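Okay, got some structures for you below.
There are two complexes below, and they share chain A, which is joined by chain B in the first and by chain C in the second.
Up next is the complex of A and B:
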């Protein structure tokens, strides 16, 4: 099971324009300038690949911070 | 009629039976196929239960099939994955069902002379892949583009046998398959997408079945090699 810190790194790898060092567990990811539906799909695919968990679009939409997403992933393992 | 236990395939089976066809409904789930049959008017319908990606099952299906006036390939699966997550494993899974299975069934049906002169073949394809592109749908779209390509090729090679081959390319139709797509996006995004359709709604299985029954019928006797979009106008933009 990957830690929250590792999850934040995996999350940051999906981003193109945001400085990875500025991304933390408390980052409100949907407020990022580059946030898009494609990034939401990439996040869902990354979680499927790394955690074998199928997240729904609404799980992403109802999360505010990266930690919120991580907690949903953990609850579904 | 493959994929006849739900969605577009079920809608096609129903409309074809209403027009007097004797339908062989194929699918994986016996219970749901029987439910489909029970809704069909007329007599003489039958079921074939089996995993149509399995070569031995395909051979069994073709061996058991009587002469056919028409075939509709509607079995399909969806997949959402951005390009960087589009692994060979995911491509194989989708292509096995959406492309290799229908093409192999058709190949054997023709080879074993199970299609009568004047028969009509219809592939249920998609606007995705040839006519419309949306992010995250590369694998699904590519499988349907491949299907459209082979459909057109087959229309030429089977024309000497007077077999017509066409594909129908639906926009978003409310079916269990599309629920697979929409799990990855929000209800809000679905509403926005629906509003983008000129006719302001997603399709229903019967919207597609109307086109399929037309292509199966003699009304379409001079139509072959076409990919017909039935899509609420989405590709008109």
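Up next is the complex of A and C:
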């Protein structure tokens, strides 16, 4: 089971234009300049690969921070 | 568990018809529904769809008709020998009657021909193959054509840059002793609205409201256009397709990694790369045509074989695994072997319906 900190690192790896050091558990990822529905697919891939969890679109849409996503993933394991 | 096996049938030939007009996603058409969410460059990079074939005049049955004429000629089949025609599409010619009957007449097939339509999308070619092989397996019928695809844009409705038009034909025949086909099939109708055209069926008849644009995932769409919950479909595809391939190989006791080719429904590059990666299959075993043709619904698996494997799969034996997954939600995987598979040259059909 990966920690929240590890999840934040994995999340930051999906981003191309955002400085990884600026990404924290409280980052409101959907407000990032580069956030798009295509990046959401990268996030879903990463979560499938690392956690074997199938995230739904609503899970992403209803999350505000990276920690919110992490909590949904943990609840589905 | 829907596992099925039908012996005594061979897949002997394939052909595909596409519109001759090429749309380039780096230079979107006025009719293209371009998202403000990302640039055309990012769209092409992520989906893998650079070009697609588009028509405003040719229906799926038109494209299938021209492909069928070429395939029948290339195989040297006599039309009176063809016992069954299965048409898989979500874009039939008329609300009623079935399009397979129109094709029977247009192709000049016998009045003894068994004809049915199947309304499926991404999984449709594999389900159609299942239906055809079950019909041929006992030898009562000897030769059959499976047609699959979706086509025709209708103005003023916008076009999704992900999808292209195509109509394909697959020829199968009864052959006593042939190894045949093994299938795994599945359905999750709870995801019926993951990809849906809300209006124009009997549930929601067409009304003036059907033509109004409303906000949905992927932008503004009318209720007559296909809308997709992209993230849900992506999540479904990358989990369900690899599992279906694994279930089939486990059930029948073979190693899926020994296949010559895994031909996936051409959903989009991000999804297909992920599926191939999860199955640990090298890229050369997983051919793709979405770069030039986009997502072509039920045509995508046969179109990939026709356009990408013509020089590779036509001599000797080849072990195929094919997996279709999507609208329904519906999915199916098949394993089969071909020997000296005949693949016709790609048929291009212009807006006047002239094939070349």
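Heads up, the rule we're going with is that the second predicted complex is superposed on the first by the 77 of 77 C-alpha atoms of A that agree within 3 Å, B and C clash if a C-alpha of one lies under 4 Å from a C-alpha of the other, contacts with A are read in each partner's own complex, and residues count from 1 in each chain.
Going forward, a residue touches a chain if its C-beta (ideal position, glycine included) is under 8 Å from a C-beta of that chain, and two chains touch if they have at least 3 such contacts.
Keep in mind it's a predicted model, so treat the numbers as computed, not measured.
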**OP:** Quick one: on chain A, after the overlay, do chain B and chain C clash, or do they fit? Just give me the call.
**Re:** clash
**OP:** Please indicate which partner A:9 is in contact with in the superposed arrangement: first for chain B, second for chain C, both, or neither.
**Re:** neither
Original post:
Now for A:56: first (chain B), second (chain C), both, or neither, which partner does it touch?
Top reply: both
Original post:
Does chain B (first) or chain C (second) touch A:38, or do both, or does neither?
Top reply: both
**OP:** Show which residues of chain A both chain B and chain C reach, each in its own complex.
**Re:** 37-38, 40-42, 44-45, 48-49, 54, 56-57, 60
Subject >> Footprint of chain A on chain B - complex, ascending >> reply: 80-82, 84-85, 135-136, 182-189
**OP:** Enumerate the contact residues on chain A facing chain B in the complex.
**Re:** 37-38, 40-42, 44-46, 48-49, 54, 56-58, 60-61
**OP:** Report the residues of chain A in contact with chain C in the complex, numbered from low to high.
**Re:** 36-38, 40-42, 44-45, 48-49, 54-57, 60
Original post:
If you look only at chain C, which of its residues touch chain A in the complex?
Top reply: 35, 37-38, 42-43, 46, 217-218, 229-232, 234-236, 238-239, 270-271, 274, 278
